[in-house]
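In what follows, chain A forms one complex with chain B and a second complex with chain C.
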Partner chain A sequence: MNVGEVDLLVGVSSRDAADTITHALGAIEQSFQQYFVRQRVVIVVVGSGDKDKRDGILEAASSAPSTRNPRQPGITSLRTIHRVTADFSSPPPPGVALRTVLAAADLLRARACAVLPPAANLSPSAVANLLKPAYHENFDFVAPLYKRHKFQGLLARNLLYPMSRAVFGCSIRELYSDEWGFSGRLASLCLNQDVWQEEAIRARPEAWMAISAIASDLRCCQTYLGEKSQPPTVAGSDIVEVLRQTVGNLFWCLEGNQSLWLDSQRSQEVPTFGPAHELTSETTELDPHRMFEMFRSGVTELEPILTVVLDPDTLVEIKNIVALPEGQFRFRPDLWVRTVYDFASSYHHAVINRAHLVQAFAPFYRGMTNSFLIEHSDSSPAEMEAASEMLCAEFELQKPYLRERWKANVEVKS
Partner chain B sequence: MALQRDNLWYKDAVIYQLHVRTFCDSNADGIGDFAGLTRRLDYLQGLGITAIWLLPFYPSPLRDDGYDIADYTSVHSSYGTLDDFKTFLEAAHSRGIRVIIEMVLNHTSDQHPWFKESRSSRDNPKRDWYVWSETDTGYQGVPIVFVDTETSNWAWDPISKSYYWHRFFSHQPDLNYDNPAVFEAVWDVMKFWLDIGVDGFRLDAVAFLVEREGTLCENLPETHAVIREIRKRLDISYPSTMLLAEANQWPADVRAYFGDGDEFHAAFHFPLMPRMFMAVKLEDRKPIIEILEQTPEIPETAQWFIFLRNHDELTLEMVTDIERDYMYDEYATDKTMRINRGIRRRLAPMMNNDRRRIELLNGLLMSMPGTPIVYYGDEIAMGDNIYLGDRNGVRTPMQWNSSLNAGFSSADPERLYAPVISNAVYGYQAVNVDAQTRSEHSLLLWMKSLIKVRNAFRVFGRGTMQFLTPSNHRVLAYVRQFEGQTVLVVNNLSNSAQAVELDVQRYKGYVPIEMFGRNLFPRFGNLPYLLTLGPYQFYWFQLRRL
Partner chain C sequence: MRETILQALEQVYSNLVHMVAEFLPRFLVMLIIIAIGLLVAFIFKQMLRALLGLTKIDRVSEEAGASRFLRMAHLPAMSELLSRSIFWVTWLCFVLVGLSVLGVAGLQEQISRLFRFLPEIFVAIVILFLGAVIANFLSRTALLAAVNAGVRSARILSWSIRFVIWILAITMALEELGVARQTVVAAFSIVFGAAMLGLAIAFGLGGQDLARRSLERHLGDTKTENDKEPQPL
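Then we have the complex of A and B:
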């Protein structure tokens, strides 16, 4: 890699994205040309071997950006925009791709970096918004914020965000995303941690990276990107897999960072660049009835496991709400938080196989989603936000409960 | 050493630009003169330059540094006499040095007898030698060049009670080339100097010779017709004379001034200059490659003239706004350093007196396609005085030695046309020709060796250029070829050591010979050729089959 020291580094995983990689690279390049005309920049494309070669992805990725006509007054980069490809024999998992990007950032002493998906709707301004806080304001982790439909991102709204905020004291809304920014300092710090063989990191490294920043007293912020980038392959169709990659990952992060939250109370302001949050409320095709049915059947089928995972009082209350007619069903915030914390502590104690444990959480998530959809079908964005804040407060309120369960001596069932 | 007979001499030349006022004062009046310049010709010969470009030395009210000419066929009394000029010219020629002089065709001073006659009455025979109007509304939309000082291209003449056209200062009325008598008068002026023996003219402001309603009054076909007629007469009667165009425009626009080899012999490549500075500051070859790749082919007999610095500000006309801002931020942080749309600084101060960068830029200047121009004093890294006003800060007396007035003049210091540079870094006590002549590692001696190598190979002045594109963008590499000569130039534009792998498959079997020490480097083989370069280091290799 004959690039030398750079100011900005953007990593993008090709992910067999023959259709969209060209657009994504163009958007990144355009971002450099519009917003960082003087900076030394490089794009690192992590490719996936033969298939990418076959599809011409790596070729497109490594081709030099077109030269411009210097007499035309359009905005353009003063320097060479480099593209470097890292070729793997098979598609690397996200953690491996990230490690490659971090290694490049460390080697090239990049000051600000971003990881981006090869998305068809990636915009130059979004790329810039992820890089600017790290480059201009010395932030170390830059999380995205999106314009979302009010029923989009419910897992983040109802669990990932409020729980991580309560536990780690850092109010990052989108802890799990395909795109984020970070400083060269954080890149070096993460690169040198001995975690890269962990499955959780290999699958979803972003939350761990944010928490690493928090744990090291580095500065985090959020930046508004507009519409969420749509990667070519959406891994969200299988809810269990999504839960494994997010909820399971969050539980894993809790365990790996106990010193950060178990016996101390930290909190960090997370400044926001751009609008704090934006919700839209067009109609949606979600089916609450089906979710309720899956919740009810799931709880019934999993009862033997739930007796081990949940606190007995929690389980009783869960059974009570399962027995309610659908019209009267509501997953109360306090019960939801207790359920989540029970699962988290059981994950810690490994009372059952952790993968099975996360799988067993799926009906609860469906139940909560059903409850949320019905309760907020007519809510305005402001009302949604108020409810979200209340849920955050509940997670905070019950944090001692989590600590207590976490520290308890628990008999592990084989 | 007599002049070589070669009508294409300007292609192989290394030009030294100076103003006679700045170089050497022979009569202790504080102003340089031709007698003084003649005394210093041995120095210039020793430096290795092959031509001198003299800034205007004509009688003039000097309201535009001599570009406001009041008499085309004489010498300003401060600089000596016409005989002094002739003596200088002969002495230069005897040393193998050609002389290029300024010729301002577009306008005269308002003190020129032609204009005095023209304005004297509306019936004067010379009335139509200038562009007159009853109103100031003609040629609407034509840009004003000196926006800081002029509000219109028309000026009111209280004597003839009408308006006259001027593209530059209002004291510089434009000549009217629609009047054939004007052309003949100007040709007579040129013939006057050609018969004395000058070797070339730099034609000032050539784009503006003719005016036409509904146009920007620039680059008009009628202007080209004037140039073609001059060239035709030159080719017939003075075939070894060179015409150099001053047109601060994009190469594609300047290209028209070469015509089909029947207009100018040479023109400045203005956009390349700021990009060399940019490339070194950016540590990236991109600006240089971009501009040269978009420089059009020119006729076989034509030539680009290239430079680092000159008597004017480092012009930033031919850059984008973003590039201009970058240049200002990097090279003119103090706003006093800025003037018009440029930077009024010399080479060495712009490089923070970093010898390595000064050498690199001179290396680029001498190895790029074109004829290089060295601005007086830059060969010893003279400093500037940005507090002198206008562009006078880069026009201070030449620093010859550490004695009174830097050896420039024996007049009282107060009498000098401008104070000598005397600060701790660039002052004449530290930076002067004598000291550098005695120091084995001085910039002056290094420049001599650079020019010597360049002069030994015609490929630099006449060769083609092909960029190599190694992945390391901090390295600018190109191959120059002319007839049997092939030269590889490799420049490290950065402040750190660089390794570069060059694809020289095409020259497999060739041996690169480092041109300054004549050292043989390993022969090119099948693999990419690995070179390492220190910060701002460059190599010139002659490629030969041995």
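Then we have the complex of A and C:
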């Protein structure tokens, strides 16, 4: 099949999603039929396994009733919707899947692209919202924004967003997400970088892509996609893996882009399409007590490691708050920021194995989460947003501390 | 009588002169060999230092946890330690070769025995070093995994792993050196077996609940409420 040049390209990974990929493909096609009638489009499905089976899924998706617009039955795309499959012998990691999509975008000279998960609740409007800013407004990176529970996404709220905003000067709230949009220009730029063998990129390439856009003075924006589909809680053992993929990845990005932030101060306004944030507050089954206990035992048991990682003053203060009764415990924003910056600089200096260092951060994340849950149990969205802004300001205020620790010739203590 | 004494003294003097005349060139050769050895060892040291600087071995050593042990033992950084070691080993070899030139009776035999023993000492040191690195890495891995899984007394588990690996490394090093081979192997088997039996009994008697919870968590369909935390992303 000869595809030729296209205007829009959407990449979907079919990994572990045989039951939901049909719906996702239907939603993408419906989005093309509804919002991009005249554009030349292609869907790239990246996955592994039985090719015949996936071809069957693609055929079924293109003829399924869900692909027809129920509200506007007469509307169909004026162009052929091409579908391309990229097969791997085993499920490709996200970085490899992205590289395949970027290569296709570069080859087909796509103007706007999006990477999407094969989610069961993917809506045509969400697909369009990711593609429109890149296609119509010439933005190069389009990050998603979600409506979600006020206690969801606390790692993003308390660390990933404020730290990336302070360091890179770009206020993208959802730096780590399964779906985002980008321009063909950014696709070509990223494809030509020699980073694809790095473990950090293979596991989570999206933040690196956003930072590449910032570093090249390309335009970034955020767009509202609606509700994020995931359970409000997660098993405790998964937290460490999430930290490895996000916090470890952010530290890696800091190291790889030192010229961007270490000796320069830059700030880029990030326009937002749709509501900036929407929070819900249904009752959830959370256990702050368990998190506090894990924070306390973690700090106690990991003291030999923390002595190497943390600044002595930070460690003393951490020990002080660990000694407090649970009812009086609060993780102060300034101490939290210093702890995060100590871990970041220790990651840079590789004072211990880097995977171990990120694992050692888990108790602190739990401590901060406990403090946040207690403090904001009755907070309104506006109050939470105000607290988030204060934390961002603290990260910004202490940026010189990070620079100082980063540049220091660290004499590691035994 | 006087004649005989003079003759004997003359003989002794003649022998002494002969011995000195014979010894002095050998001694000079020894000094030259040692001096050349010093130069060669210095060149080796500088070359190795530059090579290790390029390979960033200090960072690798830091990440593996070996540097921490070196600091605890008041030893220099890994690259410095290796380059100094190569200097001393090279120079020691030249010194021994130089000493053998002197031709002192018995000394040559001792030197050749020492030469035969050197590789075994070197292998034993390498075993101990690798043991230290592996023990440190694995004990820290266990410590972090246990802490993040909420296991109580995680540090005891970590120390146990470190202890077992150290015992294993020391046993292997002693066996390599041939020190009381039979005794060392028997002692290791007894200590290791006793430790494992002790742990098994301790876990079986004291950790029934922990084992049950652990099995429920890994094999059960539902997760306990205690495991639930807010979605981080």
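Keep this in mind: the second predicted complex is superposed on the first by the 376 of 414 C-alpha atoms of A that agree within 3 Å, B and C clash if a C-alpha of one lies under 4 Å from a C-alpha of the other, contacts with A are read in each partner's own complex, and residues count from 1 in each chain.
We take it that a contact is a pair of C-beta atoms (placed from the backbone, for glycine too) under 8 Å apart; a residue touches a chain by one contact, two chains touch by 3 or more.
A quick note: this is a predicted structure, and the numbers were derived from the prediction, not measured.
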Under the stated touch criterion, which partner chain does A:316 make contact with: chain B (first), chain C (second), both, or neither? neither
Touching partner for A:80 - first (chain B), second (chain C), both, neither: first
Who touches more of chain A, chain B or chain C? C
First (chain B), second (chain C), both or neither touched by A:4: first
With the two complexes superposed on chain A, say which partner A:298 touches: chain B (first), chain C (second), both, or neither. second
After superposition on the shared chain, which partner residues are touched by A:151: those of chain B (first), chain C (second), both, or neither? second
Identify the partner contact of A:37: answer first if only chain B is touched, second if only chain C is, both if each is, neither if none is. first
Chain B versus chain C as contact partner of A:397, first or second or both or neither: neither
Hey, what residues of chain A end up touching chain B and chain C alike? none
Write out the stretch or stretches of chain C touching chain A in their complex. 59, 62-65, 67-68, 71-72, 137, 140-141, 143-150, 152, 154-155, 223, 225-233
For the complex, give me every residue of chain B touching chain A. 250, 252, 271, 275, 278, 282-287, 289-291, 293-294, 318-323, 326, 469-474, 494, 496, 498-500
Per the touch rule, the chain A residues reaching chain C in their complex are 149, 151-156, 176-177, 230-237, 239-240, 242-243, 246, 284-287, 290-291, 293-294, 297-298, 301-302, 305, 308, 350-354, 356, 359-360, 362-363, 365-366, 369, 373, 412, 414
Which stretch or stretches of chain A touch chain B in the complex? 2-4, 37-38, 40, 64, 67-71, 73-76, 78-80, 82
